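What follows is a single structure, and I will ask about it in a moment.
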Amino acid sequence: MKKYWGKALSTIALISLVSVGPAEAKDGISLDGSTTVGPIAKSFAAYFTKKYKVQVTVSESGSGNGAKSLINKTCDIASMSRSMKPQEVTAAKSNGVNPVTTVVALDGLAIVVHPSNPVRALSKVQLADIYKGKVTNWSQVGGPNGQIVVIQRESNSGTQESFKELVVGKETPVTRNAETQASNGAVKNRVSLTRGAIGFIGLGFADSSVKKIAVNNILPTSATVKNGTYPLSRPLFFVTNGQPTGVVKQFVDLPKTPDGKLIIKELGFVGKY
Amino acid sequence: MIMSGEELSSQGRSSAFVVSARQRKWQKISKTAGESTLLLIASFVAIIVFFIFFFVTRDAVPYFQIRGFKEFFTSTNWYPADDPPGFGALAIIYGSLMVTVGSALIAIPMGITAAICLSDVIPFSVRQYVKPVIEMLAAIPSVAFGFFALVILAPLLQNFGGTILMWTWWVIVSPFLLLAIIVASELLSAKVSDEKKRKRLHTFLSVVLGIIALGLLFFVGNKLQRIEILTGTNALNVSIILSFMALPTIVSVSEDALQAVGRDLREGSYALGATRAETIVKTILPAASSGILAAVILGIMRALGETMVVWMASGNSSHIPSPWFNYLESVRTLTATIAGDMGEADQVTGSARFHVLFAMGLLLLVISFICNFISERIIVRQRKVLSGQ
Amino acid sequence: MNLGTRKLFDRAFTALGFGSIAIMGMMLIIVLAPIVSKGVSAIVFRSTVEHRKMLYSEFHRGNRVSLEKEIAASDAARRPVYEMLSEFEAELGLMDEDKQQEYKAKLDQVRTAIKALLGPLPGESEPALTRFKYGQNRWEKAEEKLKELVYEKQWDYSNPDIAAKEYFVSRATAFEGTSLVRLFPYVEKNIDKMLLPEWTFYWGFITDSSVDSHIFGGIWPEIQGTFFLALGAMLFAFPLGVIAAIYFTEYAREGFITSLLRSANSTLAGVPSIVFGLFGLAFFINTLKVSESKSVLAGSLTLAIMILPTIIRAAEEAILSVPKTYREASLGLGSTKWNTIVTVILPAALPGILTGGVISLGRAAGETAPIIFTAAVSVGSAIGLADVFSSPTPALSWNIYNLASEHEAAAEIRHVQYGMVFALISIVLMLNLSAIVLRARISKKLKG
């Protein structure tokens, strides 16, 4: 029987030996929050780790979660696609956290449909009616006869909250029939695979697999988002505890550097600076 | 007092070898201490169960204090992030129910027949190879099933849903219809005593019933083919996958129950001239029914408590489908809601929004506790009955 | 009913049983076949020269001399493409305003498509993101991108009352009469010279860390995280489970307490996995504060609780299946009870206990729900052994979910997802298979 113990022990020893990686710098940066800011955060993280040899971890669990982590002091930077709510600020203050907001980039909320959908433009009112459940068929907004598959985001999403505020209105709820997806990528995927679908995603996510729709006759592009003519645009934030210092400051200031600007542009977002 | 083996042996020993009183005292103390340590470690499980109930309840209670019971169980307005928020979980509870029932509808008949086949039909040599297959099915991680449901099954359903439904209908129903035709014509013509007339009637009945059956097959098949599935991430998709996750449990537990029915019952039935099918249906199944029920309960629980598959592939829309049995619409379940909504912030402020998820967890916990309790009772009772007490 | 019908029923019944088992087997194949075949293609595939460039500059791997030769060869094949582009740009300058506008938009599309295929164009500033630094790494993806370059996908919106149908237009027709028209047949004909595809066995998929959130590179951090979590869970659950099983089989007297403990065990086995996650969050992180936030430790503890009942049951069964004679012989020789358990019963039951342990290890490795709130992050590098008490880790199960349904380019990196699922399933099934083999050997041994 000794044989078995020996085998088991040596296996465990082997695995632990193999998996002992180099213990890297402890004072890394941790980010938590929005999936919309996710691509920027992840790319910044990769860039930052490579350039400054500082470990950066990124969790994408929604803006709400990011705020929570910041308030609990479990992350250094909360990436958010909406601003902190008054309750969150109060909670932060009572926990000894002083949230300071920096704009990372601008983002348009692109309304997307399946490429086979002939509808080119919707007014904000029509859009609101679709999401309120008043309009349920594409023929009601000048499209072919077919049911509208409404796709929204999880309730912890900043994109969802921005969309609700900008389009549907704070008081009215989104139709119960709306499907819920966890991220921008998931919404894009669902829309690109579903003929009757409509969804909203960050401008950076909209590629050729989906069709962007003009809202109030203005198509979302970097130009229309930057000059504010596109009606559904919003800033994206990094929130830190107090004025950022040291490596955190370096990280938060990345959007102002040439490389940072380039990353933002390459990802399809719109730079603020 | 009942003496354990060790006490007996140590007593026997002490008469042979003289042990000092002090040594014996020490032995006794160390034995008691050792045994209580063991008991403590063994009761760790009970402590954990208590802790789980305690901590989940502790975080669930504030929700009911803030919002009361009525809204949670009777409203379908699930708008946790809105202002004012809505915490009506009825549609979500219904969604959980729906996928559980759907998976049960697929898994129960398949699981029981497979278990019967394993315990009574297949020779032992084949069984050795079938069991690992079932174990492998049980071992596949839920996230792999979820990935399959999302990436492979959902697009298939969306693009060829009608055709898939039609073929499933054909493949599953036609053998049954064939059997029904043969049996029905046999039964209906059995009363005619004249041999020649009986045969003619038999042929006639077979043909007529056959035509009716074919018509039915085509009619329904056609209807099914024309169904357009709007979204592939729906209750049907999830039910199919969940049923395969519940199957291994159902098969192995009900196989145990069937095996527990002794040889004598089987042999008695065969001796009376019953065929194998009759033996199984009329003798063994009734004897094993409670064990099979336990198996079904355990299998259903696995489907109810599953998170990843439903989170990835159910579509997550919190509404009651219209009509209520429409499995082609997307639904949202308790588990997926907990996993997806937990992200929200107000943990620190202790809002209803955070605690409502624990309320859902508590609901799941209570349901699983009750189911477990019932199935355990059933198994214990069956063991008693079968062992002849 | 006559005998014939009864016999028929009997056969039908048998067929039904076989049918159910066949469906189960088929389901296993249907689920596993695409995962295995596409999962393998994450490791064995036709790689392009871009892949080798990426390996060399990101992981310092490969032969420099031969790589330089290859790059020179591929650059020679690419040069005409870039020349044609600049030639056309010069031509564009001479056209009138309207035409210039029209062609410029189309040219931009062509440039984007070429960049996607071959990597950044010469003379452009180097992209900051790694994903834009290289062309297509995989040949089958390159073929897709080639199609996108040569044909433009368009949708026929002429009738607004029906869903549009897609159709493909050759891009060459759009540039009819200009110098650029030659580019498309040239690229189509010489694509393999530009990308130099060859079959590769990319073992780095298992051992490399990911580059630019899984666009390139491997899945080592995830595999390592999974090992840490599963082994950590075993570290807590295995000793506890075995000791509890010893108590239940050797010491427990039938009574209220014992039956309560047994019920507790089966209740724990039935708790939905997501509830374990809630409990782990509420207890280990928010109450005990074993770590500030998510950590491997918290995840392992949560998983340990989840697999404890399985280990207890398996160990109990194994101990009970040790023949009574062993015990009696040992006790008869005057050994104490505890001594008997440690020196006779446990060694005899060890293979059975290990089987249960191995199966539980597989379960711990595959579970997702308990670690969502307690241990898993979507991006992070492999952590050292010293960090398990404080840092969260990526893990296969969570990252499969994350890549498949949350990643911004989920549809582009299907091969990585399949590779991850394949890795996870191989780990779990290999553990299970070894358990099955182990068990078969035990039963053979017990038979004699």
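Order of writing sets the chain letters: A, B and C. Residues in each chain are counted from 1.
Going forward, a residue touches a chain if its C-beta (ideal position, glycine included) is under 8 Å from a C-beta of that chain, and two chains touch if they have at least 3 such contacts.
Owing to the predicted nature of the structure, the values given are computational and were not obtained by experimental measurement.
*Asks:* Which two chains have the most contacts between them?
*Replies:* Pair with the most C-beta pairs in contact: B-C.
*Asks:* Can you identify the chain nearest the overall CA centroid, using each chain's own CA centroid?
*Replies:* C
*Asks:* At what distance in angstrom does the C-alpha mean of subunit C lie from that of subunit B?
*Replies:* 27
*Asks:* Just the number, please: Cα centre separation of subunit A and subunit C in whole Å.
*Replies:* Distance between chain centres, rounded to whole Å: 23 Å.
*Asks:* Taking each chain's centre as its mean C-alpha position, how far apart are subunit A and subunit B in Å?
*Replies:* Using C-alpha averages as centres, the distance is 37 Å.
*Asks:* Where does subunit A touch two or more other chains at once, residue-wise?
*Replies:* 72, 181-182, 195
*Asks:* Can you list the residues of subunit B that touch 2 or more other chains?
*Replies:* Counting only residues that touch two or more other chains, subunit B contributes 311, 347.
*Asks:* Residues of subunit C that contact two or more other chains, please.
*Replies:* 405
*Asks:* Considering only the defined contacts, which subunit B positions touch subunit A in the complex?
*Replies:* Of all residues in subunit B, those touching subunit A are 76-83, 86, 91, 154-155, 158, 230-233, 311, 315-319, 329-330, 332, 340-341, 343-349, 351.
*Asks:* For subunit A, which residues count as touching subunit C in their complex?
*Replies:* That would be residues 1, 4-5, 8, 12, 15-16, 19-24, 35, 38-39, 42-43, 45-47, 49, 55, 57-60, 69, 72-75, 115-120, 139, 142-146, 181-186, 189, 192, 195, 204-205, 208-209, 211, 259-260, 262-263, 266-267 of subunit A.
*Asks:* Quick check on the complex: what are the subunit B residues that touch subunit C?
*Replies:* Subunit B reaches subunit C through residues 2, 4-6, 9-10, 13, 34-35, 38-39, 41-46, 48-49, 51-52, 55-56, 58-59, 109-111, 113-114, 116-118, 121-122, 130, 132-137, 139-148, 150-152, 175, 179, 182-183, 186-187, 190, 244, 247, 251, 275-278, 280-281, 298, 301, 304-308, 311-312, 335, 338-339, 342, 347, 357-358, 361, 364-365, 368-369, 371-373, 376.
*Asks:* Please give the residue numbers of subunit C that touch subunit B in the complex, ascending.
*Replies:* 1-2, 4-10, 12-21, 23-25, 27-28, 31-32, 34-35, 240, 243-244, 246-248, 251-253, 257, 260-261, 263-279, 281-283, 286-287, 305, 308-309, 312, 327, 331, 334, 336-338, 359, 362-363, 365-369, 372-373, 397-398, 400-401, 404-405, 414, 417, 421, 424-425, 428-429, 432-433, 436
*Asks:* Mind listing the subunit C positions that touch subunit A in their complex?
*Replies:* Against subunit A, subunit C makes touches at 125, 127-130, 132, 153, 155, 157, 159-166, 211-213, 224, 227-228, 231, 292-294, 347-348, 350-351, 354, 377-387, 391-392, 402, 405-411.
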